[in-house]
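Next up: some structures, all given as structure tokens.
Consider the two complexes below, in which subunit A is the common component and subunit B and subunit C are the respective partners.
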Partner chain A sequence: MKSCKIIVVLMVGLALSWGLFLSTAAAKPIKIGILGPMSFTQGEGHWNGATMAAEEVNAAGGILVGKEKRKIELVKVDTNEFLSIPDATNAAEMAVRRHKVDFLMGGFRTEAVLVMQDIAMEAKKVFIGCGAAHPQLCTRVLDDYDTYKYWFRLTPINSSYLGKVDFILLGTVGHIIKTQLGVEKVKVAIVAEKAAWADPIVAAAQKVIPEKMGMEVAGVWRPSPVATDCSAELSAIQRAGAHIVFTTFSSSVGLTFAKQMGELKVPAAPVGINVESQKTGFWEATNGAGNYVLTINTYAPVAISDTTIPFVTEYRKRFGETPNYTAGTHDAIKLLQVAIEKAGSIDSDKVVAELEKIDYTGAAGRVVFDKSHDVTWGPQYVTSIGTQWQDGEIQCVWPYNWEGVTYEGSKPYQLPPWVVEYWKK
Partner chain B sequence: MLVDILIDGLIKGSVYALLAIGFSLVLGVARIINIAHTALYMTSAYLIYVGTKIMGLPAILCMVTAIFLTILLGLLIYNFFIRPIQEHEAAMLISTIAVGMMLQEVFLMIFGGHYLGVEPLIGGYATIMGVRVTNQHLLALGLAIIVLVSVRFFLMKTRTGLAIRSTANDREVANLMGMNVTGVAFVTMAVSVGLASIAGAIVVPLVTVEPTMWMHPLIMMLAIVVLGGLGSIEGSFVGAYILGFAESLVVFLLPNGSFLKDAVALTIMILVLLVRPEGLFGVSFEEER
Partner chain C sequence: MRMVVAYIRRVFKILRAEVLVLPSRVAVLVFIAAVLALPLVTQDYYILRIMILTSIFAILAASWDLLSGFTGQMNFGHALFFGVAAYVTALLNLRLGLPPYFSIPLGAMGAVLAGLIIGIPCLRLKGSYLALTTLAFPIILMGLVFAFPGITGGELGLSGLKKLTGSRVADYYVTNVLMLVLGGIMWKITDSNTGIILHAIREDEVAARAAGINTTRYKLLAFCLSGFFAGIAGGLYAHFMRLAGPSTLEVGLSFQVIIWSVFGGMVSIYGPIAGVFILNPFMEVLRIFLDNFPSLPEMRMFIFAALVLLTLRFMPEGLIPWLRDKVESECPRCKVRNVFFRRSCRICNAEMT
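Moving on, here comes the complex of A and B:
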């Protein structure tokens, strides 16, 4: 009788162990490949944002797929796309073929992302872009839905929307200069790095500024994206009598330009896109000369949504840096979780169907994808923000009473004091 | 506009001259094509960044230390990567390219691709004939001129300078005359790297410190050296100012094409070479043969 009991206990134990084994084996992690230039700030943003999100999801047990919870396993994929596009291609191939990731997110340089997009689409992997702004990445979805439906762009807003925000910021500062300084005809110097993505913005600016905004173009300067000295450009801009410098920079020239402009106290307000100025390290790298630089941005410690301030605060505490738009991988993982849980599967087609319907409010705002799988921009959706450096702090200065939107914690825009002193009549 | 071009070109030319003369010196004396020359300039900049920003040490102390450490590194590179293959020019060229890339990767690994900056020694700006110039730019210009004059004095008025010049003139004859050509090459290498590190120290507050910061000066330096005449110190000096002024001219005359300033500088080099293949101050090939 006693031996019978022992056998029963052993059988039960074995059954339990087997069940446990089966459940563990079935709940294998969901692999997400994070693509980015990992030695550079942009790649760090990709990885840091994703790490935070994965840890939060895993701490809560993981993603509910059907009836089981599956944890997230991140795969760091260094694309080195800053220095080499072929490196990015190889990295994406490796993520798909060798690491066998279930999903992909990240990417930065449009030229690299276009290639990585093709690799992901061929493997039918959902790829959420968090870095490249070129419209073509999404128009491909409209042109060939069956092939490109696995692509979605989360951050940044596409370059057409970036252009819109850019001109809104320019108009805002132009209005301030007119009213505060009594300048009748505001002159704008257009300074854009020589890169393909900046060309449409320059062309639009040359047309829109004089025709629709009532301002004058003082000249157009196109330095190299990696120029190490802009003193000649700044000297010429000053000679041209510009009140505003309308910047379009995504590379290191943004730092050089802002630093030299601040050091020389050029009497013009810098407004536009300057990716370098989105970073916390910008202040130190310019030795404070980057004060008053205004740029389009994605995150700041303001209440874009309920989760923005906690996310930005935690990110800064943990990584000592303000998240830039590539840290949109944080929101990407969170909304992917929602889509997977609704689909009850990690099957790409089912997840795509849910992502197309998603209405998710993340740290960067309310995310709804349009027909081209691009993030919708507008007052009730993701707006992006305008941030200005004010005495060592990144402050959100736009939207500020724009279409009824002002994010709690925003501050009014400030003209550089030397600009006021120089131009005030 | 003329004043703007003159001031801007003068500053750019002086910094280029510092780099090009060092390169030219070691090329003329020891026939060493040291592609890693501007990577050593970058090393000096990074060392100053570490000293001032990370360790919080006084800027002057950091600059002096950086110059000495970079010279030491340059001599180690010479001893291990150049000297053993000095007779094989192609191998030496490849070896110094590898050293430059290696330094770039080391800095990328340690500091990442972040853009870093160092505080200027003197802040503020001065207005010269209506042109605003930062005081740090003026300081760089002044220091560059002092260093260039000192190098000139060293080469023309000292025994070591005489040895360097005579070795540069004819290495074989200098050797036959009983001169320690290897020793002279060693000293020349130290002076050359010293000039690169001084350029790094002078320029670091004006530029962005990052792992590929050696590439642009390398291209400009090679263009200057070819333009001036391979191995000619006077040629490098003149070439540096020609290209410095050319860059400024492009920005002022063709603002929409200011990204072309490097291309224009290189085009000038090609045009000069078409007319005078030996460069402005070089020995003609026929003569050399």
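Moving on, here comes the complex of A and C:
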């Protein structure tokens, strides 16, 4: 009798454990590896954007794969790519082989992304790039489609388009100075941090500004990326009679430069790339002296699409800052959801076929991939935006009547009042 | 058949008389067997990747020891050899279509040339002056890499190289067997007459010169030999990663080599190899372990630094010499090493004190 009871208990236990196993197997989550330098702002952006999207999708029941809804499980993969490329590749390999992720997204440093891309392609995993801008990542798709077809770049727009936007912003401000202040020949001071990535922009600016934009180059200044004093450069720029300072900063020098420029009231309008000024803490860090700084950006509380303002507002509420472009992992997960649901499968080849056809409007704009699997840039597509600090608020000032595009909530660009006062004399 | 039996008997005799008598030699034997047998136990891509990179860096660390440990030419810019070879290998593979078995040795020859170029101006310098000068060379080369992006690929480097071999297991055997063979060659060099001369130069260069040794030639030889072995590592790295980028020249890599070597134990060749084989997989074990604690992102580097610092505090000669001294002792009369529990020397029978 006693042995009978034991057998019954064992069988019930076995049945329960099988039931539990089958139920978990049925609801097997879709694993997405988020690759990024997690100790840095860029990696935090990757993770924060992805977390928000995964929570939203999971709250709605998950992704519909065929007839079953599957939740998203994110795997945080710290690539440490700023410090070590082998570390980044080991992390990516671990995500693919150990965590057995179904999809990958993120990446930042191009040199690391190139190798991580190879790892993902070898495993035939769809990898959505959200950080590296170099065109070569996508030209690989054209050169060897069968190998690299699993790669897509969602954000940022590639560096050639970034350059275009950069010069459009410069041209816009140049035009305003010409028309509002009556300046005939606008002088531009090119100021770029001493870093390799800025070199092609400086070279292009030196050629394009005088030859195609009808403006004059007042000089080129290359401060250290970590300079803590730019007063010498600013004095020289003022003496050179520049109306515009064309900035190319991704490091802390952007903060120093903007702060001192505002404090010294240098009579020139700062325009270009200043990554520091994309951050919410920029206003406090410059004590308000960073007013009127204009930079290329990805997100601002304007209606690029219906989802932009809710995303930016929620992101600010949760993480206390405006999302940077690596938070594009939010859009990446959402569009991946669309592709998976249309494919009815998480099979990489089927998802790739759907991603190639996708026309999805996310928080950063309308996403359509071109033949090289790069996000399409232009009016009616993802445009990127120009944001300016105006009295403590980040305002979207571009596109503003550009090719018929103005995002709802955008404000007109404002010249710094001391620039107007100085040059009107 | 008799010949074979005789050879086998001889091997067993050597094993019993020369290898099994000392724990350090047994450890080396076990290490070699473990390295060769690993793919039979697991073919996990992740584990094999880590072990491939570990073996490549082990060659690099041992080559640093050959130059800086044995010859005393303190090189703080060892990444130069690694980077030069990686770029030369990549250029030969991408531009001329040379396969890895040609591009890697030729890349290593490029590193030898780099060894000559930096060796000649550095010959007059010693100590910290030499260290600082060598530190400057990879930085200069990095500047050149950015200055000529058409050739070097600039910030991106050169990517899309041919794979080292067709499979991960084959990659593993190529890199690990090369590590064992090159490690053995380096160890034999240090054990040869040339090695003794290099040692003498480190201890007292004036005395070595007074003994009629052309120290200049030998120092240059050390730079070239070290460059060659580091170059092989650089070439293997370029083909395995399919990329030769500015990261191969970074100052961080040069310092990493020194950390591995000092941690494992300088002036031994096997010390740096052991240092890499302990620290590199250890970082990955930490990654897996800390995966369960996502709120501790910085702990990995902290634990690594603490481990290295503690090791150097309590084992200033490095981990491997410290361990070796614990399990083996030197005969006071004939200087032959014996296992620590022996009361009399295995060779001269002198009493071990």
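Just so it is clear, the second predicted complex is superposed on the first by the 398 of 425 C-alpha atoms of A that agree within 3 Å, B and C clash if a C-alpha of one lies under 4 Å from a C-alpha of the other, contacts with A are read in each partner's own complex, and residues count from 1 in each chain.
The working rule: contacts are C-beta pairs under 8 Å (C-beta built on N, C-alpha and C of every residue); 3 or more make two chains touch, one makes a residue touch a chain.
It should be emphasised that the depicted structure is a prediction, and the values quoted were computed from it without experimental measurement.
Participant: When the two structures are superposed on subunit A, do subunit B and subunit C clash or fit side by side?
Facilitator: fit
Participant: With the two structures laid over each other on chain A, which partner does A:94 touch: subunit B (first), subunit C (second), both, or neither?
Facilitator: Touch status of A:94: second partner only.
Participant: For the three-chain arrangement built by superposition, which of subunit B and subunit C touches the greater number of subunit A residues?
Facilitator: B
Participant: Taking the superposition as given, does A:196 touch the first partner, subunit B, the second, subunit C, both, or neither?
Facilitator: After superposition on chain A, A:196 lies in contact with subunit C alone.
Participant: If you stack the two complexes on chain A, which partner ends up touching A:39: first (subunit B), second (subunit C), both, or neither?
Facilitator: A:39: touches subunit B and subunit C.
Participant: After superposition on the shared chain, which partner residues are touched by A:114: those of subunit B (first), subunit C (second), both, or neither?
Facilitator: second
Participant: Return first, second, both or neither, reflecting whether A:147 touches subunit B, subunit C, both chains, or no partner chain.
Facilitator: The answer is neither, since A:147 touches no partner chain.
Participant: Regarding the shared-chain residue A:86, is it in contact with subunit B (first), subunit C (second), both, or neither?
Facilitator: Second partner only.
Participant: Taking the superposition on A as described, I'd like to know which of subunit B and subunit C A:376 touches: first, second, both or neither.
Facilitator: neither
Participant: Touching A:78 in the superposition: subunit B (first), subunit C (second), both, neither?
Facilitator: Second partner only, subunit C.
Participant: After the two structures are laid over each other on chain A, how near do the C-alpha atoms of subunit B and subunit C get, in Å?
Facilitator: Least C-alpha distance: 6 Å.
Participant: Once the two structures are superposed, pull the subunit A residues common to the subunit B and subunit C interfaces.
Facilitator: Correct list for subunit A: 39, 83.
Participant: Enumerate the contact residues on subunit C facing subunit A in the complex.
Facilitator: Listed in rising order, the residues of subunit C that touch subunit A are 44-46, 49-50, 53, 146, 154-157, 159-160, 241-243, 245-247, 252, 283-284, 287-288, 294, 297-298.
Participant: Touching residues of subunit A toward subunit C in the complex: what are they?
Facilitator: Its residues touching subunit C are 38-39, 76, 78, 83-87, 89-91, 93-94, 96-98, 110-111, 114-115, 118, 134, 136, 140, 196-197, 199.
Participant: So in the complex, the part of subunit A that touches subunit B is made up of which residues?
Facilitator: 37, 39-41, 44, 82-83, 193-194, 219-224, 226-229, 231-236, 238-239, 252, 255-256, 259-260, 263-266, 276, 281, 284-287
Participant: Which of the residues in subunit B end up touching subunit A in this complex?
Facilitator: Residues 1, 4-5, 8, 11-12, 53, 108-109, 112-120, 123, 125, 131-134, 136-137, 206-208, 210, 212-213, 216, 247-248, 251-252, 255-259, 261-262 of subunit B touch subunit A in their complex.
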